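Below are two complexes that have chain A in common, paired first with chain B and then with chain C.
Let's look at the complex of A and B:
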């Protein structure tokens, strides 16, 4: 993990560029013939992919079931607005709580497992929540999804922000949530706790001999990762004013992983780049052909064969030389 | 009531036999090569559809014989061209690659044979109930159980008696030593992959006759197969077999009492197993970490 000062400087400039691009996105998005909702979608899915990468890239543990917590966040938010209180912030909090509590329970069951086995168990556990939402028709709407609700304008007391109809306002609201989550993740990764996670990733046995409680750290990393994934899920439901069981399906988990890998899972901003490429590509392909599944599948194969380090991994390698 | 329970237990046993057949193939590949073959369900669907395409020419029995071999052949090609490149690397990559393949397989079957399920003709005399009292006991179901049992027996014979099988088992324990002893590990892995895919193809033909044939047949069977491996214990083939049958019967019984929990029950079982015995029912100590 030795980094040259030059590299640190460039990574700071890189962060600044990213924030400038994200902040000005609604302005130029229309100019390039796109729409703000697509940008919002990129930010939301990027948050999910970055949350996954907290575990995958920085703790070195592969979860292939993050869609479950993403989906729980989505359902938590949707059901709060539909059945409990019409409040957008509260919906996000409830969604977050739903995903996090599930992650705490599942996490406790799986922290002893490693490698392939860990991945397989996370895949399988992801399906439980899929079947619950699929089968529990009366509450979750079953296969048809949960509709008949919409996000609620933010009430700040002195004024209210109409995130319901104003796409730009909602984008900035999402970006604010994104910034908060990403900020916390960056802070955690720089803290001693984050450094410990890196140590576990690099050499678990040595970390264990140093007296680090590995299981507790893995559990915490898993729960933190799922917490932010469920925030992303809640925002995703709010973006679409709708959610259905497909948000929890294992295909969605695979999408998150490919975003992280495509962008570069060893870099903090990698999953954001991956999410942007993935979302734009999927938007383009699915509007031009019915066989988008083949294209997505082919995309997975090509990324694995030719871009295993991801976009940022390649760039970093070039600049290091 | 007894008849209903008996019916569902038997049904669960059949479904469990599918899970086991599929999970055994997955297990073989996972144990020797460390690859989680997400495309296993796709291979299963292709096996079923190939049989469907062959039946007009060679009849049901011919298709049952040929289709699994064709599927295995496809598996060999995929292994040689794609999966082989990823051995020894982070399992993440083979998982993603086979995940992509699963998408491609499902979409291609949908493209070629249509999104609707197609009728799969099984010989009439097999479809007759064997007893008027136990109406569910058709010849086909009984035949399927017997065939799965025969296939499993053959697999275990191959693994314990044949040179190839002994090498596969040795390679599972210590691939490096096997390689040093002069065994061509590349070919061993390829053949092992083909063997696993053959089982998927066979399961596909049988499943087509039982559940009908649609492009999503593979994806609906793959998750329970994962659960079967985890419940049975990683690294243990008898465990995988046991796990498959157990979750099949469990979901069969649950159908009687709480139909809506049919799918969820197997994950609850998995949770319980992980809680009480993290290495799985017959898993070896120390293989988990």
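Let's look at the complex of A and C:
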């Protein structure tokens, strides 16, 4: 479909720039005096924020409980390696399945709710999972988290890739997972199904009277969104070789929302920019003061006040419609 | 057999009886107007037909099937489409995109994650056809929210038409329009009715529009049927003149 002249930069050009920056990240991260793990963290949290934005920015529904699925992905991955099989790919698959199945059940219970009620109930369900991991010491490690395991090198049969010790190798592994997930989301958003989600976001009543069963599509969008959030959670646990209940805490859900809004929830890449700003601010400011969150908060308020479409919204008014 | 057969439907909101025992039979190919003073229950009646909410009592039969309790999207699939008194469109999308969505839904593609080139071409062609029919071709890539009211209304009607309905419900299609826009929309509705043989039920206030378009008219007052008949019969009905025409005209 034809784009509007307000696009100063075509969507494709911008995507190419993003990919070049991500692919060369380990090279220039060192040049600017930073470290690869920080880049890995940006990519992982960006995946979570973009997953949330599938629901928030492209279906028009705010979830404040995505940390639950992120955390289920993290615990699913950690527990698989610790208790079951020492395999990184399998850990991700189990983490993804855990988050997705939970989302399918909870989604079915909440798709009739709208607006603030939907958001509140997602928080409530998220906190349920938080308290389970917090209390169930024998299995989850409780407040201390789940340690005493580490990610396993990838065994490709003819060779193996040491993502355990080689930070760069792990970064590219995470980037590959990110590319697959983000690719599927972009693909879906351009499809007839994706357009029904945009229709629901734009005008739910009209969408309903065009013959779209709103609750079913909202459920699908929620499940897809949580699926990718749980992949991000699994990668997050693998990055840290550790997970704890804070991964499921509702404050973490709030961080995802902040990243999406900060970067621009109407643009596909917005949450990635938001996650980058968030992580870099956290890394930089927290080395000077413990109150780094107030700086992130101040930045967030300024962006929302002056650039309601987010940081990317300043550069490009419309990415995908 | 009537395409739409409404049997004695009522809708209560607490102690308020918005629609009280209304029956209506619409034959295939007919254009039926529903008129009545403000607060007569016309829009509530429309909401019952289209499934916005269920009736408190009574039955709604569409094409021989009892649809009284069916959700909206099932009724749409069966061939019932509607527009709203206050235009319901996707204002931030272009005309082309507004039409693309119902065209895909009507083709049964709403859950498709991908689309072949052939299918995509068919969808595009159908959108172009609808834009031509609605006189919107030269505004194809404009945002609908930026268009004049008449074009927005035309877009909404074409979106309903994109669903390939057998029954089109139009809630005050000329509300808030100037003379020229009213004339254009009236001509569009007439074309859909005469050229395509579409069955239409419309609520309208503008008497010129009604007498120009309608085969039969039903008059509602205080939630109940006051009179029913051809435009001439209604124009000469003393009760209607007393309750409605006298005051309105």
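Keep this in mind: the second predicted complex is superposed on the first by the 295 of 321 C-alpha atoms of A that agree within 3 Å, B and C clash if a C-alpha of one lies under 4 Å from a C-alpha of the other, contacts with A are read in each partner's own complex, and residues count from 1 in each chain.
The rule we apply is simple: contacts are C-beta pairs under 8 Å (C-beta built on N, C-alpha and C of every residue); 3 or more make two chains touch, one makes a residue touch a chain.
Computed from a predicted model, the values in this text were never measured in an experiment.
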Quick one: classify A:84 as touching chain B (first), chain C (second), both or neither.
neither
Under the stated touch criterion, name the partner, chain B or chain C, that contacts more residues in chain A.
B
Which partner chains sit in contact with A:114 here, chain B, chain C, both or neither? Use first/second/both/neither.
first
Quick one: classify A:139 as touching chain B (first), chain C (second), both or neither.
neither
Looking at the overlay, what does A:23 touch: chain B (first), chain C (second), both, or neither?
neither
Given the touch rule stated above, what does A:176 touch, chain B (first), chain C (second), both, or neither?
neither
Residues of chain A that lie at the interface with chain B and also at the interface with chain C:
none
In their shared complex, at which residues does chain A touch chain B?
56, 62, 64, 109-110, 112-117, 119-121, 123-125, 127-128, 131-132, 135-136, 250-251, 254, 257-258, 261, 291, 293-294, 296-301, 303-305, 308
Residue positions on chain C within touch of chain A in the complex are 50, 71-73, 76-77, 81-82, 84, 88-94, 96-97, 100-102, 104-106, 109-115, 141, 143, 159, 163
Seen from chain A, its contact residues with chain C in the complex are 1-2, 4, 187-188, 191-193, 195-196, 198-199, 202-203, 205-214, 217, 220, 321
Applying the document's contact rule, which stretches of chain B touch chain A when the two form their complex?
30, 34, 36, 82, 85-86, 89-93, 95-97, 99-104, 106-108, 110-111, 223, 226-227, 229-230, 234, 260-261, 263-264, 267-268, 270-271, 274-275, 278, 288-289
